[in-house]
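Structures are listed in the sections that come next.
Below are two complexes that have subunit A in common, paired first with subunit B and then with subunit C.
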Partner chain A sequence: MTTPIAPPPRKDPQKVTRPPELPPIQRSRASLELSAMAARGVFALQHCELCGTIAYPPRDACPKCLSINLRFRPVDDGGEVIAETRVHTTPDLYFRQRMPWRVGTVRLDCGPSVVAHLHGDVEVLSRVRMTAKLDKSGNAVMMALPAQETENMADDVQYRELTASPKHRRALVTDGRSAVGQAVAAALSKAGASIIFVGIAEPWKPFPGEKELAAIPKVEIMPLDITDTTSVTELCGEIGGKTDILVNTADYVRPGGLLAPGSVVTARDAFDVNVFGLQRLAQAFGPGMRARGADGTNSAAALVDILPVYALANIPSFGFYSASAAARHSLLQCLRAELRPGGVRVLSVFTGPLEDDWRQHVPPPKVQPSQIARAVVTALEEGIEETFVGDVAKDVAERFLDDPKVLERELGL
Partner chain B sequence: MAPRPGNPHRGYRDVAVAVPVSVPYVRYSIESAHWWIARALSELTQRAGIQPADLDGLSVSSFTLVPDTAVGLTQHLGLTPRWLDNIPMGGASAVVALRRAARAVEAGDASIVACVGGDANQVDSFRKLLSSFSRFAQDASYPYGYGGPNGSFALLTDHYMRTYGATREDFGKICVAQRKNALTYPHAIMKKPLTLEDYLNARPIADPIHLFDCVMPCAGAEAFLVTTVDIAQDLGLPYANLLSAIERHNAFPDDPIQYRGGWAMDVDELYAIAGVSPDDIDVVATYDDYPVIVMMQFEDLGFCKKGEGPDFVRSHDFTAYGSFPQNTSGGQLSAGQAGAAGGYLGLVEVLRQVTRQSLSAQVAGARTALASGFGMINYDRGLCSGAAILQGVQA
Partner chain C sequence: MTDAAIAKGADLLGALVAGMRDGGVEVVDLTHTLSPDFPVMVLPPEFGQCQPFRIEEVSRYDSRGPGWYWNNISMSEHAGTHFDAPAHWISGRNLTDGTVDSIPPEKLIGPAVVLDFSKESAADEDFLLTRAHIEEWEARHGRIEAGTWVLFRTDWSKHLGTAKYLNLREDGAHSPGPDSDAMEFLVKERGIIGFGTETVGTDSGQGSHLSPPYPAHYILHGNGRYGLQCLASLDRLPPRGAVIFAAPLKIRHGSGSPLRVLALVPADGKARKS
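And then the complex of A and B:
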């Protein structure tokens, strides 16, 4: 079993904050495909399309038949540890801050041997479940986990480097008025977050679920209007130094395409929340989070944004809403690169249509706020960069990966 | 993969190896690889009694010549060879250089080939070298604790110890004996005696590897000449005949972890072509980046069977005066590892031994020597292996 992580002591303001360093970041293009798979939470290795060989490390030709037809596909993740070491000395600054570091050789049941990070509960001859997860540099690394769940497994210090676990971390949820914001706050509380700041615009106005929200353990209601730069800056001044996880639940949804009357006005409102709101949050909170990416147990860990899956391709019945989502998606890609030097993750949670008043005319299946909240916590606990919530979102994602142009026609029918 | 029928591996005819040169190593130096290689070639030509222009063949191994290769070096040093080789094989460089130079000389493509390995070591250059070592290391080994070669060899050592029952004491015995040898070699970086207790109490680097299992990266160069027996005799040089040499790359790719090197594929051929057996070898230079690799070579080069390495170590004395003289200048573990020159150190040392030019303690009656090379941890294992058997010709 793993020793549970203790709540961090109060920060001593006199002490130097540990500067964030990244593990080695350079990768070949073939390896970036492994990272892309891990970003979506998939453990996949290269298969030779000609002879079926499974190859690792990622490469450009099959080591058995020289075919250049290699494709990443999900594989059996079972294996056995055949050698281990504890590294005590390294010239690398990231690992130097974290020595000693356990690594092992794992013989995978599907063939190749893999040098992998070892979870504290595995040793030589242990059966393991191999995972590919993004490290702080944003690249996939292999980690061998116990084949069966062990006690406090997620508290392993090496594992925690590969996740953005909410346990003992302080989170900000940006929109407590929405059902999604309230569900996310409740889920983070359950997942062990130490404080959940919940932003409420115009706090004097009552809203449904207000009482229940205030009753969630660890929740602190804060004034926040993400369409108002001053409001965002003021809140950041108050809690920016202790925001480890920021979950943007704000979303402004209106139906209609470009030809709808008054669409410029509604589009402007949608962009003000969905795009510029995210930008205001990033501008205020981003630099501080980036500087605190290695600040102990409650280091800054992730910015999560919940956005409609129509960020990937426009659905004309929600034409400008989709456009704002696409802009939001693009900003998240930018932000991911900008926060990476701090080891802070940007997690995108793409959703299908939500069950709400604005989408009454949209046929099922629809997504419940609680589903989204669960997905947010899973993304944090497992360090998954792109999550698709609900059947519609998964379907759109699959079609997008297959051919974005075909998807455009399918959604435009 | 034995030679194809109809094209047997042929022995060497009248190839002489001469003029062992070791430019004394330093831990850190501001000088470049070009500087170190020039010093080695300068000493090589002076001691051979020839002019630099007489070198019509050149084989270079270096990690730190960048952005140059052997080509740039010809203009830099004012050489005009008609045969040029650049061998990026780390610890296997010297054996491979010798193999190729021998064939060039045999065929008349070159008459006098200088084989040289040399590297700079400036502060922080080891870290920079590691970071650009290989694509697989970059993708699949450095992101895992970044132990460099220490981390990779730690895994092999751990597996070998569990499988064959080798102990830290066994590895310590190799290191302690090599240190004794080093104390007789004036160029060795390590000047202090090492006891088994010192070895066992050293700080851990990457378990089970501790400080004295690791080589000291430093700057330096090593070189030798390959020519014909006639030319060597004309020049009045003490020389050794090349009896046999093997090389192999990426052997046993399906082994889940390395417990044997490429030698095991070619060892029978090595002795058959040389016309000698392991018992005939008077002095050995194993490639000793880590003691586990030394033990593997005892097995894979036929001095004992696979798995008997630990017992072999327990029953032998590896000093120059012992029952199995090996790494008589201290090996890289005690003399230091000057990059690609580390691949040359052992071959140059046994060449001195069998030509009676030893700077370290002379092994009594040393006539036949085996030098082995091993190099390039591309991902999880060393890929290049090679070995050569030399026989000194006494005037």
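And then the complex of A and C:
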């Protein structure tokens, strides 16, 4: 069993914050696909379409038949550890701060033997569950986990490097007025976050769930209006140095397409929250988080954005909303690259239509705020970069991967 | 215009300048600071919304502009201390000179009376100013003359920064304002030029339930009169004798605008430094 990590002591103001270092960055193009699979939480390896060989590490041609027709497909994640070694010294800047480091050889049930990071609870000559996760450079690495869940498993130091676990971390939830913001705050509290700052815009307006929100353990209500640069800057001035996880739950949704009357005003409002709001948050909090990516147990770990899956393709009945989501998705891609030098993850949680006032005319299936909250916590705890919540989101994502043009036509019917 | 009138005008302005210099005339600012956290009118979400004041720094003696500081601002025409033109309301849509750019400039400066109902408003958040209240005020302070701004003092501006300013509940906002008979009386029988309040609108919080709905807006603007709202410091004005300058921005076809409202007050009146 893993020793549970202790709540970190308060920061010593005389100590220099350790600048974040990254594990090796350069990868082959073929292996980027492995990272893309890991980003979605899928354990997949290359299959030769010609002879059926499963290949690892990723390569450009089948090691057996030399076919270049290799495709990543999910594989059985079972395996057995056959050897281990503990690295005690290295010139690598990232690993030398984290020595010793345990690695091992795992014979996968699906064929290849791989060198992988070993979870502390994995014994040599035992069954393991293999995972591919993104390291702090955003590259897929393999980690062997115990075949059965062990106590405090998530607290393993090597494993924690591959996640953005909310345990003992301080989170900011940007919109506590919404049901999603409230559900996320509650879920983070349950997941062991040490403080959950919850932003409230226009506090002079009462809102449903106000009392319940304030009663969630570890929740601290803060004034925050992401449409107001001053407000974002002021809050960052207060808590920017101790925001380890930022979950942007703000979302401005209005039905209507491009030809709806007065749509410029609505579109501006949508962009002001969904796009520029994210920008204001990133500009205020991003640099501080990037600098604190290796700041101990409660280092800055992730920025999570919850956005509609129509970021991938426009649904004309919510035309501007989709457009703002697409812009948001694009900014997240930019931000992901910009925060990577700090080892800070950008996690996108794409959702299907929510059950809310603005989408009463949208037929089910709908997504509940609690489902989104669970997905946010899972994304953090497992370091998953792209999550799709609800059947609609999963379906749209699948079709998007298949052919975005077909998806466009289908949503535009 | 006669030569005598011209000479008299010069004397009057000279006297005003002298009065302002020697302290006989005080200038009182009736304006709140325009800031992003100043509340705006709340409408049902399916309607278009009033955009609050926003400010984005363009440069501040830095790489974006080494020698100068400036901002871009954006807001609704009806954010902060602001002016309502007749065209703001459907009842005033067909009037000539109904938008802020066409209002004759002489109408932007005028005498003001202050009706102090701060005690009544403190006792009753839904206090409605009626014709009877105004007649009773006139019995004490004299008749309200045509062309006067009527400023309704409730001390509501002192609630700014708290939830009480808008005082929103599930059944809407709760704040004092005029009843329709008061507006009919002021507009039709007294010929006022406009009505000013300390609350977020010229109407009461529950004004949509009066008849006609929003009587201040409906009656004022339907008769070519103006509104001022979100005023501050009305407690520094005397019941009579102040002159106010309320000139909205000259926005083409604009329905209103944020503005700086200044009052000139005789120093021997009730003007107090706050």
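Here is the rule we use: the second predicted complex is superposed on the first by the 413 of 413 C-alpha atoms of A that agree within 3 Å, B and C clash if a C-alpha of one lies under 4 Å from a C-alpha of the other, contacts with A are read in each partner's own complex, and residues count from 1 in each chain.
Note that a residue touches a chain if its C-beta (ideal position, glycine included) is under 8 Å from a C-beta of that chain, and two chains touch if they have at least 3 such contacts.
Note that the structure is predicted; figures quoted are calculated from it, not measured.
Undergrad: Does the superposition put A:Y321 against subunit B (first), subunit C (second), both, or neither?
TA: neither
Undergrad: Per the contact definition in the header, classify A:F388: touching subunit B only (first), subunit C only (second), both, or neither.
TA: It touches nothing on subunit B or subunit C.
Undergrad: Touch test for A:Y310: subunit B only (first), subunit C only (second), both, or neither?
TA: neither
Undergrad: Name the contact category of A:V124: first (subunit B only), second (subunit C only), both, or neither.
TA: In the superposition, A:V124 touches subunit B alone.
Undergrad: Based on the superposed arrangement, let me know which partner A:F350 touches: subunit B (first), subunit C (second), both, or neither?
TA: After superposing on A, A:F350 lies clear of both subunit B and subunit C.
Undergrad: With both complexes superposed on chain A, which partner does A:V265 reach: first (subunit B), second (subunit C), both or neither?
TA: A:V265 sits against subunit C, while subunit B stays out of touch.
Undergrad: Regarding the shared-chain residue A:K205, is it in contact with subunit B (first), subunit C (second), both, or neither?
TA: second
Undergrad: Examine A:T229 and indicate which partner it touches, taking first as subunit B and second as subunit C; both and neither are also allowed.
TA: In the superposition, A:T229 touches subunit C alone.
Undergrad: For the overlaid complexes, name the partner, subunit B or subunit C, with more touching residues on subunit A.
TA: The partner making contact with more of subunit A's residues is B.
Undergrad: Provide the residue numbers of subunit A that touch subunit C in the complex, in ascending order.
TA: Touching subunit C from subunit A are residues 202-206, 223, 225, 227-231, 262, 265-266, 269, 357.
Undergrad: Over in the complex, which subunit C residues touch subunit A? Could you list them?
TA: 36-37, 39, 42, 45, 48-49, 51-52, 54-57, 162-163, 165-166, 168-170
Undergrad: In their shared complex, at which residues does subunit A touch subunit B?
TA: Going by the criterion above, the answer is residues 23-24, 26-28, 30-31, 56-58, 63, 82-92, 94-95, 101-105, 107, 113-117, 124, 135, 137, 139, 141-142.
Undergrad: Would you mind writing out the residues of subunit B in touch with subunit A in their complex?
TA: 126-127, 130-131, 135-136, 138-148, 150-152, 154-156, 158-159, 162, 203-209, 253, 256-257, 379-380
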